[in-house]
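Look for chain A in each of the two complexes below; its partner is chain B in the first and chain C in the second.
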Partner chain A sequence: MRRTRLHLLHMFSGIAIAVLAGIHMVALHLEEVLAFFGVDASEPTSWGAMIARSSQGIWVGIYIALLAFLLYHALYGLRGIILELTPSARKERVITWLFVVVGIAVFIWGSYVPISLLSS
Partner chain B sequence: MAEFNPEKITFKVQRYNPENGGAPHLEKFTVPFNKGMTVLDGLLYIKENIDSTLSFRASCRMGICGSCGMLVNNYPHLACHTQIEEFHSDKLTVRPLPNLSIIKDLVVDLTPMFSSHKQIKPYLIRGEAGMEDPNAEFAQSPQELNTFLQFAYCIKCGICLAACPTSASDRLFLGPQAMAQCYRYCADSRDQGQKERLPLVDTDHGVWRCHLAGACSEACPKGLDPALAIQLLKRQLAAEALGLGKRRPPSPVVPPIKESKPKVPYPDFTVKKEK
Partner chain C sequence: MKQTAPRSNYLGVGGWIWAGNYKLERYLYLLHRITGLGMLLFLTFHLTATTVFRIQGQEVWETTMALLSNPWLKAGEYLVAAAFVYHGMNGLRLILQEFGFLLGKPTPPIYPYKDALRKKRLWVVVMMVVIFILALVFLFDFIV
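Let's turn to the complex of A and B:
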């Protein structure tokens, strides 16, 4: 059931992206919605507000989770398209490992910034 | 709608003989039209009266054997099951089924379909040794039969495979025919082979590659719904992966009948034999 688990994770990551990116969109770009719920978020896109968010563990967690789900969803989907258009057992192994390496490298690179901001 | 009754039909048939080389090309034939004439009738007329070198497969002429699948006016049909009148046109273009390699003219190589079919173990698998020497029947209720009955009507004509857009792009894709048959056997209450079959479709070129275009179900000449079978297989796989799969006991063996009912006596002859 390995492929099924990976595919279910692909579906779940799509839902998680919608939720986490939704939180990001509301917090940064829909101040009026936040104001409706009584949350004062003046200039959430300013440098100061961004640094303030980066010092909170919850926001760092949200962004790292969003990055992980986005990378998995995008790379697994792209791998599927490539394997469908150029099917070959040998190529399949090469592409899978290439995508795993690229995914891990981008994840480390992308999560380094929020973690370093949190610890600073 | 005006009655369709032309005197003649122009058949444009794709010709290709790999032994002679050259590219596939269309050849025109004019065939007299009769009411109720099928595409196969037209092709048989061409073969018998115009060009005996035209190659195509056909056998039963009643939509049972699945031999005469071909692309008629750019849509896969069984030639014997398709009346010319359906097209409301006096011009027909007949080509071999796509997604399969051509052997000659309208004859395609169905080996990939049959090897995929064989791969999914299309037979009842039972754990017990009784299968080696079957001497009794497995009990099955009509409700249990209905869970897979439509998929048992597959005639292996290859039309679903020809209509499938995924089969067109992914030559390793198992195809709707094989996967529908995989579901047919997995859903059979007499079968215990799910553990052997499900991993065969849980691959990169198995059920999860299906885009649910539904072209297979639309094209199937027997009215089967292979796309539904693939979705039901996905559900089974997901349930197994999440540990929600239902364990059903296999159908019990019905003991052989010891005493058969007395046969109904033959009625007396109404006309007495003269002595």
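Let's turn to the complex of A and C:
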């Protein structure tokens, strides 16, 4: 049952990423399309625009949620690909725990930066 | 008595590409895997730029963004956008089919048989058309 739940979470995180990364991609890459709909999103990667986004709680929330879903989805997916190469049970445990540690470490660092920039 | 070693059916990474009689959906699955691994590689660069470099202040950020405006890197960025569109739409199709949607009603096995793959094929084509349109929208914004 545990593996079924992990797989369900993989699918759920995929849907969450499609929504959250979709918002991220449209806001940062579709300036011309957004301009057509009357939204001014020129130079979204400039320092000023980035700081303006970083000071809004909603964007920080989107980034942190996206990071959590992305890390789970990507590392669980990569683990699945590696496990297809039939490593031993011991290696499987090592890979699983390595991914858990890496995922948590990257999540802590990746959420610390936007939170610290929230007040800047 | 002569002993012969059993034939190994373990194909390793080679089995991703071909293990006999692969259909279109199997290659979409392979592309799903390749785009996933490619985006994971991009994620490591992207997270480095948006955390390690961003926290160092305006000057380092602007130098990084100037570096990323290189046309080759822009083309690479478009490939990531296209991979995202593909991986997302194909993933959505896989999720819907895993939960039993888009599969059509069960039919009795009367000749000429219509296999499950062909019943699903329409949705595969619809998904590919949507991916193509979304990839074109992103291409438009990357070249304008």
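One rule holds in what follows: the second predicted complex is superposed on the first by the 119 of 120 C-alpha atoms of A that agree within 3 Å, B and C clash if a C-alpha of one lies under 4 Å from a C-alpha of the other, contacts with A are read in each partner's own complex, and residues count from 1 in each chain.
Definition applied: contacts are C-beta pairs under 8 Å (C-beta built on N, C-alpha and C of every residue); 3 or more make two chains touch, one makes a residue touch a chain.
Since the model is a prediction, treat every value here as computed from it, not as a measurement.
In the superposition on chain A, A:117 makes contact with chain C only, while chain B stays out of contact range.
Looking at the shared chain after the overlay, A:70 reaches chain C, while chain B stays out of its contact range.
Once the two complexes are laid over each other on the shared chain, residue contacts for A:109 go to chain C alone; chain B is not touched.
Counting the residues of chain A touched by each of chain B and chain C gives the higher count for C. In the superposition on chain A, A:85 makes contact with both chain B and chain C. Using the contact criterion defined above for the overlaid structures, shared-chain residue A:3 touches chain B, although it does not reach chain C. With the contact threshold set out at the top, residues 85 of chain A are in contact with chain B in one structure and with chain C in the other.
Remark: chain A residues 11, 14-15, 17-18, 21-22, 25, 29-33, 45-47, 50, 67, 70, 74, 77-78, 81, 85-86, 106, 109-110, 113, 116-117 touch chain C in the complex.
The touching residues of chain C, counted against chain A in their complex, run 10, 12-13, 33, 36-37, 39-40, 43, 47, 50-51, 54-55, 58, 61-62, 65, 68, 81, 84, 88, 91-92, 95, 98, 137-138, 140-142, 144. Residues of chain A that touch chain B in their complex: 1-5, 7-8, 80, 83-85, 87, 92. Residue ranges on chain B touching chain A, taken from their complex, read 166, 169-173, 198-199, 202-206, 208-209, 234, 237-238, 240-242.
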